[in-house]
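Following: one structure in structure tokens, then a few remarks.
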Amino acid sequence: MTDTTIFDDPLVVAGESFRSRLWIGTAGYPNQKVLLDSVKASRAEMVTMSIRRVSLAGQGFDTVKLLKDYKFLPNTAGCETARDAILTAELAREALETNWIKLEVIGDRETLYPDVQELLKATEELISRGFTVLPYCNDDPVICQRLADLGAAAVMPMGSLIGSGMGVANPANIELICKRSPVPVVVDAGIGTASDAVIAMELGASAVLLNTAVAKAADPVRMAAAMGHAVDAGRLAYLAGRIPRRGRAEPSSPQLGLVGS
Amino acid sequence: MTDTTIFDDPLVVAGESFRSRLWIGTAGYPNQKVLLDSVKASRAEMVTMSIRRVSLAGQGFDTVKLLKDYKFLPNTAGCETARDAILTAELAREALETNWIKLEVIGDRETLYPDVQELLKATEELISRGFTVLPYCNDDPVICQRLADLGAAAVMPMGSLIGSGMGVANPANIELICKRSPVPVVVDAGIGTASDAVIAMELGASAVLLNTAVAKAADPVRMAAAMGHAVDAGRLAYLAGRIPRRGRAEPSSPQLGLVGS
Amino acid sequence: MTDTTIFDDPLVVAGESFRSRLWIGTAGYPNQKVLLDSVKASRAEMVTMSIRRVSLAGQGFDTVKLLKDYKFLPNTAGCETARDAILTAELAREALETNWIKLEVIGDRETLYPDVQELLKATEELISRGFTVLPYCNDDPVICQRLADLGAAAVMPMGSLIGSGMGVANPANIELICKRSPVPVVVDAGIGTASDAVIAMELGASAVLLNTAVAKAADPVRMAAAMGHAVDAGRLAYLAGRIPRRGRAEPSSPQLGLVGS
Amino acid sequence: MTDTTIFDDPLVVAGESFRSRLWIGTAGYPNQKVLLDSVKASRAEMVTMSIRRVSLAGQGFDTVKLLKDYKFLPNTAGCETARDAILTAELAREALETNWIKLEVIGDRETLYPDVQELLKATEELISRGFTVLPYCNDDPVICQRLADLGAAAVMPMGSLIGSGMGVANPANIELICKRSPVPVVVDAGIGTASDAVIAMELGASAVLLNTAVAKAADPVRMAAAMGHAVDAGRLAYLAGRIPRRGRAEPSSPQLGLVGS
């Protein structure tokens, strides 16, 4: 088997195909050069950006231009109602000429935890308006199923709280969601370091979305490269089929023969 | 920063330099072809093999020939006394023309747990005989310090029991050992999947040695490729400096402005 | 401080006061004697039972009689819609002459995971009909807040899947919910052994509800006694204020003086 | 089964029988009254104290007098060689008229990690001098076996670093040691809160020794009471035989019948 065949494993979302299974956020980098170098080092093909940032600051459109070679996924970060999220998505479609939207509707400013009721409403409405909807949700398998039933292109359950760096807080739930989901599962939020991304992929995630873990690392470019390897490592390990965990030892070498036996 | 500079980070052990931080065992593969393909896919430069296997079976020397392009690290797997381990190391030196030896002296056949008293004795004696000694030990920071003081070229604390796939059982101990060790720390034994190898590297290990996780995976070649990415991911993340773990959320995007605020 | 003052810490739910913080389910015991002995050994004052079991089998009313000295909390286990849960609650009120109801509305037969949308609907309706509603929910802090806002007498977030014995899967979420909740938080489902119950209480839970961990233990009565001690241990530890977790040692005894210093 | 028969489970060490399975250290309390109240609230029957503290300060003998109703276990905290530990043990025997000794020989002042080589030497010598030796050791199953072979009355593997509050760092090792040990296993060091003590007991420990977790808690007396319940909870749960951990749900109530099915 060559490296080519090992990696012939594209991610397909809403009919589009991606080689990379790492999606990366664009906020909070020290400067535009570090952002661009980080995205490159990560080998990501998809980047996400808050519409609030695009619209509020001149910097927003600069970032869009800077990352013109990447698939752009606008998001509705900061929205607290279905209504606001829908308006924001419409703004994004007009400004950025894409009908893809990462849908965030938060239920609480302090934890940025999703409001699943508003999220379901906004998902339904945006799909009826022709959007390709990728909702950021909690790790509730029933809600993930509903979102897929409504026609979400992927579901994006949280690993843990946004920016918390706590990794995958509830691996059993993420694994359950991945096992059952009819659409790609993208673990989004909470990734703190490379092992968190690997664990998400080993649980069966189709991709990982992260931002703070790279943008706020001491060396963002190096962490971005780490994350690129991490999603590959996790995906390959998932496909390869790991050995069982045992409470006991299992020799790899023969224990008898030769000296002293 | 280019990919070249990111990876300009060689591992140096006993004066020899390696690009890869993955060391791989050669036992238990379905066949010689899978073994060779796996080692290639892993990008490892160092392979280890039990002297018992070399000497007992014709297959042993076949494997040595098969892997002639790799740095060969014979090991004393199965030895239960310093005396046996020393004899085995001498056999290895004669047969394989290397004075490198991965020293295993187990205190118990069932758990394959190291016998640190015999290990210290054998380390001292083999160093006096001119060997480059890499002892497989437990995760005891005092024992690791003693081994380094005796002149071990590296210390190889266990992640968990050999073949158990339980990963790094005591991350605090491994981190402590890595922080203080004057010689490279190679986490050896217990690695079950890619995330375990990443975690070992993130804790500060210089390299990881594994065997069963690849040899007994459902698809060894794919798992070997996973492990190659895993050690790179873990090393880069360690160097990059991760964000702190927080109990609370931290927005990556601005929370105010535009729609609905 | 005497044992009396240490334990002067009643749990108050909907105006009723309880000394015990352990609520116990009545299903799946080997026989009625073991059930009764277990409830006694646990020191629980509140027991819960599925209305389906009460109504379906003669055994149901036997159990109600058997446990006549305990506060009886009927539950709507097995209901999949708000409508069914409301009807079941009405049946319970009539048959058992209590307006307390543990509200379960599941979204999936296989995982028994709550359906939060139907749960919110049923909670609102039952409160308007004068019930004291204690909803079994997921560990979503936004949903828990909504349930309390609707007037739930307590919220009962899951530790992990019903009967799974996986304990508190997401401690950070449970801790967050406990910190913010205006009503008592009862961790319900997933408790497997005594330490799980202690952990739930140390995170700030007001009480723990469990069933399978006791009913299906090898020795239910002994496990029931264990659980009684566990909730006391966890509650006291929570109130006592634990020492911080440190990565390093901290001597309890002086390190200098006398022999050899 | 009555509460009496449930608790008819004495701990026997070196022929002496104890009802309580909690051993408690006496250092670092805010004052003598809190110390005494804490020991009472914990229901411990055995207390330990550093000989250095007894000998150095007037306070030492005061504490011995204060706790005259408890079994006194002097310890050699702070000793770094077998020689010092042996001298300290002899001082303890003379001053306190007990031949019981908790043997600590540390290999490193910063981590207070045991020096297993010196520990083995001191254990052998003290046993030959008629002491009842209870060595504080690491969680190495081979070392624990050696200590028992030498005649130690119990082995006292660490949960984690002294005073660290990290709990049982390596549960698999503690469980392995408990399963095999011919003498009682007392988990000593690292306990931070009640759940840590429960976990140690659920793994099969015969008893738990702790100090800082109580002495430095915000409310030592309440934490002492918590620890008393914790060891009972853990012991009972261990004897009761817990349900298995499952990745899936398991209903405790029937899922069919009555309303809506």
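Chains: A, B, C and D, in written order; residue numbering restarts at 1 for each.
Throughout what follows, contacts are C-beta pairs under 8 Å (C-beta built on N, C-alpha and C of every residue); 3 or more make two chains touch, one makes a residue touch a chain.
A quick map from chain label to UniProt name: A, B, C, D = Thiazole synthase.
None of these values were measured; they are calculated from a predicted model.
A.B. asks: What's the farthest chain from chain A if centres are computed as the mean of the Cα atoms?
C.D. replies: Farthest by centroid: D.
A.B. asks: Using only the C-alpha atoms, find the rotation that maps chain B onto chain D and quote its angle between 0 and 180 degrees, to the nearest 5.
C.D. replies: 180
A.B. asks: As a quick test, compute the distance in whole Å between the mean CA positions of chain B and chain D.
C.D. replies: About 34 Å, centre to centre.
A.B. asks: Taking the mean of the CA coordinates per chain, how far is chain A from chain D in Å?
C.D. replies: Chain centroid spacing, chain A to chain D, equals 45 Å.
A.B. asks: In whole angstrom, what separates the CA-based centres of chain C and chain D?
C.D. replies: Whole-Å distance between the two chain centres: 31.
A.B. asks: Two or more other chains in contact with one residue: find those residues in chain C.
C.D. replies: 111, 113, 161, 164, 166, 172, 176, 247
A.B. asks: Report the residues of chain A in contact with chain B in the complex, numbered from low to high.
C.D. replies: 1, 3, 6, 25, 27-28, 37, 41, 50-53, 55-56, 75, 77-81, 83-84, 87-88, 91, 109-113, 161-166, 192-195, 197-199, 202, 211-213, 215-223, 225-230, 232-237, 239-261
A.B. asks: Chain B touches which residues of chain D in the complex?
C.D. replies: 107-108, 111, 113-117, 120, 138, 140-143, 145, 160-161, 164, 166, 169-170, 172-173, 176
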